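The block underneath contains the structure these notes are about, expressed in structure tokens.
Labels run A, B, C and D following the written order; every chain starts at residue 1.
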Amino acid sequence: MDIMQILALVIPAAIYAAAPLILTALGGLFSERSGVVNIGLEGLMVVGAFTGIVVTLALEGMGLGIASTWIAMIAAVVIGALFSLFHAVASITFRADQIVSGVALNFLAVGLTVFLIRLFYGKGQTDYIRNRIYREDVPFLSDIPIIGPLFFANAYVTSYIAIALTLVVYYVVFYTPFGLRLRSVGEHPMAADTMGIHVNKMRYIGVMLSGAFAGLGGAVFAVTVSGNFSGTTIVGQGFMALAALIFGKWNPLGVLGAALFFGLAQALSITGAQIPLLANVPSVFLLIAPYVLTILALAGFVGRAEAPKAIGKPYVKGSR
Amino acid sequence: AGEEEAPGTEEDPMTEETAPEEEEAVGAEDFTVGMVTDVGGIDDKSFNQSSWEGLVEFGQEFGLEEGTDYRYLQSSDIAEFEPNLRNLVREDVNLVWGIGYLMEDAIRTIAQQVEEAQLAIVDSVVTDEEGTPISNIANITFKEHEGSFLVGVAAGLQTEGNKVGFIGGVEGALIKKFENGFKAGVKAVNPDAEIIVQYAESFNNPDRGAQIANTMYSQGADIIYHAAGDTGNGLFTEAINRARNDENVWAIGVDRDQHEEGEYGDGQSVTLTSMVKRVDTAVYLVSERTMNGDFPGGEILEYGLDDEAVGIAPSTDNMSEEALQAVEKYKAQIQAGDISVPQSDEEYEEYLSSL
Amino acid sequence: MVPLIAVFLGILIGAVVMLLSGYNPIAGYSALLRGIFSDSYYIGETIRTMTPLILSGLAVAFAFRTGLFNIGVEGQVIVGWLASVYVGIAFELPKIIHLPMAILVGAIAGALWGFVPGLLKARFQVHEVIVTIMMNYIALYTANYLIRAYLLVPGERTETISPSASLASPFLESMTDYSRLHYGFIVAAIGCLVMWFLLWRTSKGYELRAVGFNQHASRYAGMNVERNIVLSMIISGSFAGVAGAMEGLGTYGYMSILSGFSGIGFDGIAVALLGANTAVGVVFASFLFGGLQIGALNMQSRAGVPTELIDIVIALIIFFVASSYIIRWVMNRIKKEGI
Amino acid sequence: MSYVIEMNNIRKEFPGIVANDNITLQLKKGEIHALLGENGAGKSTLMNVLFGLYQPEKGEIVVRGERVEITDPNVANRLGIGMVHQHFMLVDKFTVTENIILGNEPKKAGRINIKKAAKEVEEISNRYGLKVDPHAKIENISVGMQQRVEILKTLYRGADILIFDEPTAVLTPQEIQELINIMKMLVKEGKSIILITHKLKEIMSVCDRCTVIRRGKGIGTVEVKDTDPDKLAEMMVGREVNFGVEKEPAQPKDVVLSVKDLIVKDARGVNAVNKLNLDMKSGEIIGLAGVDGNGQSELIEAITGLRKVETGTISLNGKNITNYKPRRVTESGIGHIPEDRHKHGLVLDFTIGENMVLQTYYQKPFSSSGILNYPEIYNKARELIEDFDVRTPSELTPARALSGGNQQKGIIAREVDRSPDFLIAAQPTRGLDVGAIESIHRRLVMERDKGRAVLLMSLELDEILNVSDRIAVMYEGEIVAIVDADKTNEKELGLLMAGGQTRKEGEAE
């Protein structure tokens, strides 16, 4: 394979693998920027994937065709947001430890969804959906030499949605009053409170947005990658998204870069076995490469990532 | 490969060394049978499901009640194999099935501790420390290499770019049988064909499956066979993706007829054919034997082409006439013992040099 | 009091879920209870399940106490498992040397896996949470590779360890009607003592806790903050490594190629949190976890209730324990208004 | 008489404590009204009630003649009440402008109109002489500047009733003067101010009236011109207070600590301490005076081993201890009461008992062969709590639960008890009430009289003048002068601290 062929293989695959991570990590960004740690991203993705598949199956059954998949993704956004209330109520209103609450959410998500799958279908996993999101060439753009085949041919619409949302989130977080308030609540909730901002309300919004985005992330994974749902559909992607969030220093563009980096490394680890230069490298090195590279990057040039200051602490009026 | 008696699913497939067993026939009314699945569960579109179908058919045939007389337990991780098996044994279930070679150790332990238990395992031969089969375990294996040979023949004939691929789940003796049988089949009809092989190192990662298939197709392979469980579903995803963009690519399924998995558009399918493995038949037969007091403990039952227990799927829409004929021809030759299908890498090397 | 109420609430909601989905909660829970207590076999299995959970819980709790969040227990369990099994296979030694050595090597492997994130945190201020997540994957793939490349026997696993390195005990097994109970529970008990003693009775423990709470004050008081961070991760990792050794030397006697994470490490997070990061709490929490997991099998088998119900119940219990603030608040209200 | 604010019979409880018990406070239009009370008397609580952060259990609030319910800070803002909090309420990572407009952002097409905002900020800051850079990040500006931002926040919202909660505790004398000028100007503009401070001198110089509270109860309101500091102090603590520190003349003996040609870099790599020389003798208290940021902190950090020395030497009793690790420094005989008690002085989550052995936990009798001996630790703790009058329910109480003054006493107990030859006290009385200050000063003199050398670093000239025997003035990393405490005065020190030369007139601004 020549280099162009390899790139044409690896880059679309990287973008494809990164999309669910990007979406989920953006969700985490809202939550953590508001001061609520979200270890529960994994569970929220599970719920999103579950909703994505179950709704698609149901609507397909009613003959809606590809529309079912899109409706299912919207449903996943809504259900994800609702499910995240569990984390919000626990960690904001009940002042639970945010990490504990996130861990509980992960357990609950897997238990509940698989339980429901058994209840609905009498078995541990769903059928495959028929109306997946498949790859398409972007008209015109895919004909541009070099860039075209790399970025616009054989691509998933969902990847473009993820990238577009990144830009939207960037704008919202850094240029709107909402973003400023969200960040202030995560940095210094008491200060925000004295400025008349309702801290807990902002945090609820942050956590619910994380549920919405992670739900979408899970659904995108389900309808592009796995095609069905079981207890093992989402295994660790949520944690990778969390890593992308930290790696990306809680900045949407950083998150995008980190997720693409993970996607690239993952794509290389699979494709590498068939690239002449890499074929003789034991596959384990390719498999662990994304993780090792991340660590090296963090230790080397990325350096210290500074979390929102008030993260992890419930806000109690008047305490210091 | 061992010699077999006349084919037919109604008959005992194995008669080599029918060890005389003490136990009496229990009779359908008191007979209980249970199986333990691995993580996949009874709807994994693969051999857990197939086993369960065999058991259901058996139960319905003999008027047993589901849930009490025949039932299954699903393991949610490997640590649960042994407790699940033991649960059934402790309830004095007459025959306890362990589905999959990963249950070997759990079954061995229990069999040695509870000598009166009657156990059976699929896809493995459980031996004691000396290497002799244990007397209260029935070992059910398949000649997957023979079935894989036949789909290999089909692939060898229908490839247009002279390049085909194989995706394995986790590398090991079992999946090697699929790989080598397949490669031998391809080479038998198309000695020039190039075969790309990659293992996904996982049976439940369709994502990897898809990316591996993507790479193989991109390199010019037009037919890919998988023996990778759920990982293989990624192959179908990728093949459909390409077929929808009017590429001429095919996938070959495994274990069951995977025509449906390859469906897209209106009624087309990217599934060229599938290598079926009739675990259900085996489960049915052994359960019946046991009920009749003829538990094949200590035996190694090897199901192959003769028993129609491996072979090519009934859906043949996408196969060329030429390929179908060739498959029949080679099937006869294997059954006749004219071709000995390689299982391991060494056997494959030998086979190649004999071509 | 709060944990008891939490357990009660979790179980109560579990019953509601069963009712809503058409199962009989009484049948379900009695099968569950029988599956934990009804005979020696179940008790043996429960204790066996608890053993690694206690140790992984201690690993998480220890790190927590020193201000670190070790999500990497899972990976440390895996390397500890592999290393102890390797020692069990590769050497022929008298049991009195072989067994302790195998456990120790498991601990060292886990420690090494904890050392990396510890060092990176101390030297470069890299967030230990991501590094430990990454180290989990590295452990998983590397262990699988090593098994496949060097230790594989048919059955997707390593050879069985030599009896001289085994924790398995025919005596315990026959006592408990052939459960897989092994001597690992003694190791776990020792682990609890070690954790308690180290943290609360030694001057090193004082330092570790001080650094966990306030690095500036610790530096001011002449403690070596960096070294203490690394040490804490090493100790936490060794607990995790020993947890892995319990599986390798006790429950299985070998290591399989893992298709995914073992779950022991992640359960350890929940166990530690449920046990309020104390040694005693961890024991109780592991009992709850282990018991429910083992009982769930019987619940599936006898009452047909999917084992996932137990995951739901466990999640709810963690949730209620975490929300102790609100439980206390409600309790106060009841106390004030009632009576 | 019309009041802009009347807080009548306010009662506010916290679990187990009545922070405000039937307090009444009335603010006239255009006055500066002092609110005085010991630590924990309930001043901040009362103001937080006024600002809508807390809801009172009882009592009423009348603003400009109308009874109001101030349910949250938004309501307070609408009523024109603004508050500058004791602990700054600023988001470090935000710019000055962002902090000011937060919650009240000018918008353009959905996004923040940052240009317009910055311009508005600039306008207000010019109008009131509160110079700030609208685009600077809070974390990069000085404390005094931060305070201006706090004031601008309230002005931006159009507040005409301003609450200042201990605004001067963290300021340098220059900054305090500036603040006083600003306050005077604000009242001239018709605004009314409530000022909380522990510094009676400030009350005397700017305030019109003063309300005193003690242990949550209102003691009374007095006209400042009819009172004096002694009377105020007595009202506040309920007994007579002695301000002057009683001490015999110092009897300095041998040099204990000697610093030669010391160069120390700060976090940015600039020479914060520049070729500094200083000798300190046993039996004397040296006051280290200087405007904040002239290298005092770095000097202390270098002596205690917390910061690397570039060149030069530090020796203790003739022994070179340059660049020793903190532990060896401590063991060599240096005690250190750190500037920031929460950051450096205490592990707040440890018990006060455990904190008492923070420097000695590894030594006998508190531990032997690495094993802690808790009975010994708590014996020692009880002894120190007794000796130093640390007010705590028990030695097992978490340090976090103690008031600032008592936390500080705990630290002093720990450091003094080790009998160090050389004791560093950095801002030991910051934020404490007069009662606590008095006891700490007495303790420092006692240590001196035992023959120790004490280095007292403080930003408060009063404290320096009262407690020290000799005063070293630090300016831009150097000691520019050493003067005898009884032969100088505030004015001279202020000049020296601003970089003026000794005894040379006319160089000050």
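One rule holds in what follows: a contact is a pair of C-beta atoms (placed from the backbone, for glycine too) under 8 Å apart; a residue touches a chain by one contact, two chains touch by 3 or more.
Molecules present, by chain and UniProt name: A, C = ABC transporter permease; D = ABC transporter ATP-binding protein.
Note that this is a predicted model, so its numbers are computed, not measured.
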Touching both chain A and chain B (chains): C
Chain pair whose interface holds the most contacting C-beta pairs: A-C
Centre-of-Cα separation between chain D and chain A, whole angstrom: 46
Distance from chain C to chain B - Cα centre to Cα centre, in angstrom: 36
Rounded Å distance, chain B centre to chain D centre (Cα mean): 78
Cα-centroid distance, chain A relative to chain C, in whole angstrom: 28
Multi-chain contact residues (two or more partners), chain D: none
Per-residue multi-chain contacts in chain B, two or more chains: 39, 74, 76, 201, 204
Shared-contact residues (touching 2 or more other chains) in chain C: 141, 144, 260
Every chain pair in contact, whichever chains are involved: A-B, A-C, A-D, B-C, C-D
In the complex, chain C residues that touch chain B: 41, 45, 49, 141, 144, 148, 152, 154-157, 173, 177-178, 180, 247, 251-252, 254, 256-257, 259-260, 262-263, 294, 297-298, 300-301, 304, 307
Chain D contact footprint on chain A (complex, rising order): 171, 175-177, 180-181, 183-184, 187-188, 190-197, 309, 317-318, 320
Chain D to chain C touching residues, read off their complex: 304-306, 325-330, 336, 338, 343-350, 354, 358-359, 361-362, 366-367, 370-372
Residues of chain A that touch chain C when the two form their complex: 86, 90-91, 93-97, 99-101, 103-108, 110-112, 114-115, 118-119, 231-232, 235-236, 239-240, 242-243, 246-247, 282-284, 287-288, 290-292, 294-295, 298-299, 303-305, 307
Chain A partner contacts - residues on chain D that touch it in the complex: 48, 51, 53-54, 72-74, 77, 83, 85, 87-94, 98-99, 102-105, 107, 110-112, 153
